[in-house]
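The two complexes that follow have chain A in common; it is paired with chain B in the first and with chain C in the second.
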Partner chain A sequence: MIVIKNVTKTFPGGITAVHDISLHIAKGETVGLIGANGAGKTTLIKLICGLYLPTDGYIRVFRENPFRGKNFGRKAGENLIGLVTGQVITDGYNYHFGHGSALLQEDLTLALNLQLIKSIYRIPKEAYRQRLAALLPKLGLQEQMHYRVHQLSLGQRMKAEVAAVLLFQPALLILDEPFIGIDVAAREKIRDILQEIAREKETTVILTTHNVEELERICDRAILIDHGQIVYNGSFDRLKKSHIGLNRMQMIFEGMPPDLQDFPIKHCCIENNMLTLDYDSSIVSSKDLANYLLSHGKAVDIFIQKPTVEDIIKEMYKEDHHADNANSEKHH
Partner chain B sequence: MRDILSLFFAYAKSGLKSRFQYKLDAIVATFAVFLREAGGIIAMYLALLKFDTINNWNIDELLFLFSLIFITYGIFIVFFMALRDFSDWIRHGDFDRVMLRPRGLLTQLVLCGADWLAALGHGTLGIVLFVISASRVGIQWNPAMAVYYIIAVISGVLIQGAIFLFFSSISFYVVETGSLKEIFYWNMRKFAIYPLSIYNRFIQSILIFVVPFAFVNYFPAQFFLRKADMAAYPEWLMYISPVVGVTLYLLAYSFWRFSLRFYKSTGNG
Partner chain C sequence: MTRYLSFAGIKFRSKMAYRFDYVLGILNTLLSFVVYWSIYKALYNGASEVDGVTFSMVTTSFLISLGLSAAFHKNEMFLQDKIKQGTIANELLKPVNFKLRMLFEDMGEGAFHVVFNFLPTVIIACFFAPIQAPSGARDVLLCLVSVILGYVVLWEISFIVQSWSFTLFSVWGLITIKNVMVNILAGAYIPMWFMPDWLRSAIRFTPFDSIYFTPVQLYLGELGGKEIVFHFARQLFWITALWAVGEYFWRSGIKKLVIQGG
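This part shows the complex of A and B:
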């Protein structure tokens, strides 16, 4: 359904955001696009949507070139692309959705917004009623229908965007950083509905994030991009097993930290009263480790850091490097 | 067509509802537009009391000339508001959303942007001026004249729409077009408030050939008023006035179609 061959996008000014990427996504697949900020995720998405013309390479979405030059715009009855952008920009008091692709108009109530979408997408009355009746309770938005969109909290706002995009049943659904800055309850609701869509295998879904664990439960496949290139393309399991990187737990004690006995910790260091532990969460569970430390010492404060995409990528490069060394040794 | 109309009404309904959340503000805003524009006219009226006429146009004839500017602009902002502010749409990435929808791009832009309250402000002023002046300049209305008038108004709207469609197309190449609009639309509009014949040849040519505001109000007004200064121009200019709008709009539309291929979403990727 999406075929990308050797695609490169260089912006005027010389920045290459996507570099020689090849990728295939089948119909009904749910794919997680993972990368740090500026890795090229959004550029890749805009290439798929036909909003950017690739500098080089070949893209087909629904068997056609998404970038149509002067024949821009989609026709009635065509396969639809639903794009939700969740990247928020906050200045402390206000937030607004990144880059204009928000489906909802801030100054209108949610109800009016959805009616407008009904008209724009020519959704038949009965279908509209049924879809709305199914979506609103799932997302818990019934009470928010008569709120103006700018009155919604960030979580509600994101749920509303998801409701809006699902209302017209796109064949390709793209969510760009849907989980940034939203509360746990809203995150759960969105995750549930996405899982359901992924199970039905009717809609092709692309989700981007800079946090691997967000997508694990939803996506069939993980694609990691770094500096505009795909560095990993495969299952989440394999990604986790081979490259997940280490968790870091830091605990400050009153007095000496307790003895760690035989916990298989990768790296341990004590500095003043702070104990820093790097460990593999698939071998040692954070819960067991924390429980042990809390019951054996007098802890003042605790921090747990999960590996970031940057850590994972660093880890992968390390392994690649080892592999290369191993290969070159064989040749010798 | 029915489909387009229903979309137009859907946009109109949501646009009005959003403006009328703050009813007092909406009413004040409409009045503010009305008063701001009327203020300019009153100032001119007072100045004219000193002169009596400008190039032999008396105050009622001048009001008739203005009324065409305001009526056409009032309709213009119902349909071409999004194109008027199109560089903002591109800069904020709003055009991306438009492109992903199963509707014509221009259809969406034309239908969605209406600023009804400003339209009401400008339109009401135009109609008030028209009613006051039309009865006093001694036009003998007949059906042909009424038809000419309606077509001239539509044409005037299309001329201004075409100008902004042209600027919008330029936004695909250079994102910022604010100063172009300032020079070629807003300044020309100020010139068009007075009879064309008071200007030097250079400005006249611009108003006829480049930014053809002369066809929005001067030539249509001459059709009704037949002032002596029309002698300086070929008489047929009065009759082609209604055609100019359609022609210009089609030209601008071709340029828009051509320029679309140069659209690229903004953003840092």
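This part shows the complex of A and C:
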């Protein structure tokens, strides 16, 4: 189990990236971390990995303090945490849109890289052979074994990183933006493997991505972070239900759309001949609204959408920022 | 230990794939040797010795230095690249000592250069240049031990310079200065015999002559019993001292990383 209690991380210069976060993650749970750029996701991950010293608070990963002192001396056989990062990395001069996990070495072939992983993490020969035989076909990497890592495409590389991290079977697997710049086919393969892990419930997984739909398919729980604080922590279902009322209707008309009169609509927009309405279905029923529009204008086409998790999150951010603005105005 | 040896072994194996690279490497090493040999041939102009140093001593000394600079491989931008890419943190998650892993990786690459660049050069050079045979089997053995110690001394100097990447934007300049100093003061280009006395006695107080010159002297059988012990002791002293300095820089760099982020 991962226990995070009142953890704060303030960097010199006064930026508080993580502010008083408390969190529990059970063994075998698959958790999705959601947040905009700069919300504090990566800082939180580095704190969990023990790569940052918390300014305040308490972190335990499987009863161990992940922060191992300043020289990072590690005992042999400690392969508790596996970290895969898929973020844009920079060498100070150029930006590489690539994956900066450091799990694989650029100038080595994939085969040699995996052998290196085998000896660093002391994987027994037989186990190594079996895991490799299971992983490679699943990820479709057999053909890439004799390529150097820098020759691999982004998607192949990410798959290779996932293979590398799964070879040593960490108790906690952290994937930070693994889907950046990756095509649908590769994404599907990675997702399949992650879903399998989630089903087996042996590995605890923390996943961050901008793609909320992806998270919803894989994760048991969503944690929303904004400005270094948790704004939502619970199931995706509850997240949806709490905002379930919010619907969107789009109708295309011949000529001008009709006047809406006094329907209590949340948001309305007309673009060319298309009318887009966001409304709360507990206040206005979709049926009444559609009937009214159909009888007052010449409709060509109609769409009604339930909100996606992504929309809900956008909405929550908006609310959060409104609250923030209101607060700061009060202070003035 | 097997972990670190596999870092070296895998580096060695991966280098073998670049075949064209090592043909060029041989050419490069051979060319430097021929240039140097020609210059000294002209300088000696048929004389059998200058200041008690024979032509074959100079040539042999240079050949050994050349071999050592091939063997003494170090990836000097390694730490800076890791820090700039932000992957240093992830490196720390691996259950290995970062410094040792770096050392062994460089050694693996060095071993490759010795086998595939230096040894062919020696064989070719023997056909036309007066290469002195080692003074005895014992000297060869002692020379090999001091080569390894000398390498660690050189590697630690490089690591200390590299650890400045935690504070500086680029350590390239520092590394260049360091390399010029090492090449001149350690006697890689001009054998110590030809240096002015004041400079030689000054260098004696620095780690530089432990790097190339001690192995050369051992190979040529120039050192007596007591001197051998003294030279080994000095190499070990520098290894310990430089390791401590490197460790201090490393730890303060990591401390910065852990508190200030990176």
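Please note the rule applied: the second predicted complex is superposed on the first by the 227 of 332 C-alpha atoms of A that agree within 3 Å, B and C clash if a C-alpha of one lies under 4 Å from a C-alpha of the other, contacts with A are read in each partner's own complex, and residues count from 1 in each chain.
By definition in this document, contacts are C-beta pairs under 8 Å (C-beta built on N, C-alpha and C of every residue); 3 or more make two chains touch, one makes a residue touch a chain.
On a predicted model such as this, the values are computed, not experimentally measured, just so you know.
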Check: Of the two partner chains, chain B (first) and chain C (second), which one does A:Leu83 touch, if any: first, second, both, or neither?
Finding: both
- Task: Give one of first, second, both or neither to describe whether A:Leu51 is in contact with chain B, with chain C, with both, or with none.
- Result: both
Once the shared chain is lined up, is A:Gln115 touching chain B (first), chain C (second), both, or neither of them? both
Chain B versus chain C as contact partner of A:Ala102, first or second or both or neither:
both
| Of the partners chain B and chain C, which touch A:Gly40 in the superposed model: first, second, both, neither? | first
If we overlay the two complexes on their shared chain A, which of chain B and chain C does A:Val184 touch? Say first, second, both or neither. neither
Chain A residues where the chain B and chain C footprints coincide 11, 17, 43, 46, 49, 51-53, 70-78, 81, 83, 100-103, 107-109, 112, 115-116, 119-122
Given the complex, residues on chain B that touch chain A span 3, 6-7, 10-11, 13-14, 17-18, 21, 89, 92-105, 108, 257-261, 263-269
Interface with chain B, chain A side, in the complex: residues 9, 11, 15, 17-18, 38, 40, 42-43, 46, 49-53, 69-78, 80-83, 99-103, 105, 107-109, 112-113, 115-116, 118-122, 148
Touching chain A in the complex, chain C uses residues 2-3, 6-7, 10, 13-14, 17, 81-82, 84-98, 169-170, 250-251, 254-255, 257-261
Per the touch rule, the chain A residues reaching chain C in their complex are 11-12, 17, 43, 46, 49, 51-53, 67, 70-79, 81, 83, 85, 89-92, 96, 100-103, 107-109, 112, 115-116, 119-122
